[in-house]
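Paired with subunit B in one complex and with subunit C in the other, subunit A is shared by the two complexes that follow.
Entry: the complex of A and B
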């Protein structure tokens, strides 16, 4: 399966909100879509394109925008497919994929707490790796890591 | 009826790591489960954004501490694609060999821990002893027994020592009959069969729905193995079969892992034969020559890699001992990866816990979770 075939199949199934379908190394194609059409698009990708296995959901903070990507696997075509959508930098959010692929549940919980992307209508959006009440999103670029030597260590003499 | 929630973990022999399984029970029946993760979260993805490409390798060994080589291999492939580098042929074969030895070591470790959960003590000691032979081999060419820091962007750190291939063959010759003995100890034991048959059933369709991969998926009859479906490294050039079972239960997962060990030995014999006849460089030429010096500090090597590589995104997927692992490395031209994202197979397998635990008894939890082969390091990252 290559990018042309993916494009043809998506058009044939009447998939909404497709912005581009490009070749991408290691996967059949990278499909960029607009986040508003996520809810009707996901079942089409699963059934019409034949990608029933969702490997992972991840988020990237590009400072001026957010990106959320979905890595899918097709057992019939033996290939991966990458879906990606650009989200608004102020309040990034997108419809949950867990109603289409139940395996998205934990991946979205992780992307929500670490990257700060909201998933609408997620059945169980709780903290997964971080403690409850943890208000930061460590994988955002604004969250700076400090190596120990950069920190000013104050030794308290008693 | 009085139902209640109990905690199995974070300190419980069943967990094999640090996590908490909250179980909703009614008497002895399991009504629901809620795994609580994060006790081992070290922020590996975040730390990677602050390190040079080669420095991330140190973290990879700690991602899954029983399958360090597999995770190094996963990351290295993605990083090389992101940077546009090609390793030499011999390095690819050494990496494949390392991954297969790691699969053997990981499965033997699983066998030892799993069978001990069922109360059989001797297989535990047998397993731990035989795994040490593989760790000795790792030590002979990487210097490490658990955390290796062996692979490098553009190849591997050093070539195999003289006489390694023969030593490795001796270990394989020793292991092969041992696997038969392992099998007799378990499949010949009535206690083992009674505790494992028809437990924790998860059919192939449910596995796919919930993202479950690896031996759990193959025990349900699926032939999905990334080494076959989407061959990476040099897996297309070796001969092996995908291990499957039909029962989709704990015994099925046991049978799949046992068969996988036999297939690993098959792959290893072919790999060692290839390595016998094909000497050559193990680090790419485009890198500074002493990037591969065996004792150069890892941070300094990585500093030399600082060049203006074109931007790129690397995506790799491997069949890790636990299942499908993916890495997504974004290179924005800087010294550090812009973003690194890992897909851990155990993460997905655990997220489906309610699918294979509900409806069984509390006493069934150790064998079922044992058959999942939990490695918390790679779940929490």
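Entry: the complex of A and C
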């Protein structure tokens, strides 16, 4: 499966909000889409393109914008597919993928708490790696490494 | 001992004295067999035990027996919590294996904090695990001690300024002995336990 085939299949299935389909090293193609069309796009990618497995969800802070990406695996085509969307720098948010791929649940929790990307309609957007009440998104560029004394986190006694 | 000599001495051979002239421990000659060394050890043990017992009897007469007795028993049977936080836990585990055998100091790891009087913090403490660590510490019965094992538990180590790491476990619980190293070797961990025993003796009673 290459970029042309991915593009043809997406067009054939009437996928909304596709901005570009390019070749990308290590994956069949990199599909950039508009975040507004995430909700109808995800089931099409899963069913029409045949990518039932979501390997990971990640976020990147590019300072002037955020990017969220989804790495998918196809058992039949034996290849990866990269979906990515650019998000607003002020309030980055996108529809959750966890109703399409349940494995997105924890990956989105992680992308939320470390990079600060909001996932709308996520069933359980809680802290995953950090304690409850941790008020930072440490993988954002604006986050400064703290002197230990400054990093005040309250220890919750059970 | 050369290969020509027998390993087991004849039964009629007289045993070497336990304590040499002038109260010095005897210098073992090269032809002393292992059986003789074991016998010598037990002979040296008896005077030491007698001395310890007479000290106890004296303290009982003075009415100060129970606390020293508990102190003596407690510091020679430290039960650390059996857990592992990070890479230092590998050295912790090795210290209880056959090569270093920490149990010869009476140190036996227990899996329940209710049975422990020593918490060896053997690894990186993250903020996520911090309140669980405090809960475990609070579940341990008094008297209890804490050893910070390795640079991470002592002051955050290589992750001191990281966003997720507690910069030293003494921010959470009181620490009695710090062991430096990344990771400390099992000998260092055993040394730390022996230091803690000294500390308990100094503080005790």
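Definition applied: the second predicted complex is superposed on the first by the 145 of 158 C-alpha atoms of A that agree within 3 Å, B and C clash if a C-alpha of one lies under 4 Å from a C-alpha of the other, contacts with A are read in each partner's own complex, and residues count from 1 in each chain.
The criterion applied here is as follows: a contact is a pair of C-beta atoms (placed from the backbone, for glycine too) under 8 Å apart; a residue touches a chain by one contact, two chains touch by 3 or more.
Nothing here was measured: the structure is a model prediction, and the numbers come from that model.
By the touch criterion stated above, A:130 is placed in contact with subunit B and with subunit C alike. Residue contacts after overlaying the shared chain place A:63 against neither subunit B nor subunit C. In the superposed model, A:142 lies in contact with neither subunit B nor subunit C. Once the two structures are superposed, subunit B and subunit C can be ranked by residues of subunit A touched, with B on top. In the superposition on chain A, A:55 contacts subunit B only, with no contact to subunit C. By the touch criterion stated above, A:75 is placed in contact with subunit B alone, subunit C being left untouched. Residues 129-131, 138, 143, 145, 147 of subunit A are contacted both by subunit B in one complex and by subunit C in the other. Residues of subunit C that touch subunit A in their complex: 127-128, 130-132, 134-135, 156, 160-164, 167-168, 172. Here subunit B touches subunit A in the complex through residues 37-38, 41, 43, 45-47, 49-50, 81, 208-213, 222, 224, 229-230, 313-317, 324, 326, 328, 330, 338-339, 341, 343, 347-348, 350-352, 380-381, going by the rule given at the top.
On the subunit A side of its complex with subunit B, the touching residues are 24-27, 52-56, 58, 60-61, 69, 71, 73, 75, 78-80, 82, 101-103, 105-107, 114, 127-131, 138-139, 143, 145, 147. Within the complex formed with subunit C, the residues of subunit A that make contact are 129-131, 134, 136, 138, 143, 145-148, 151, 153, 155-158.
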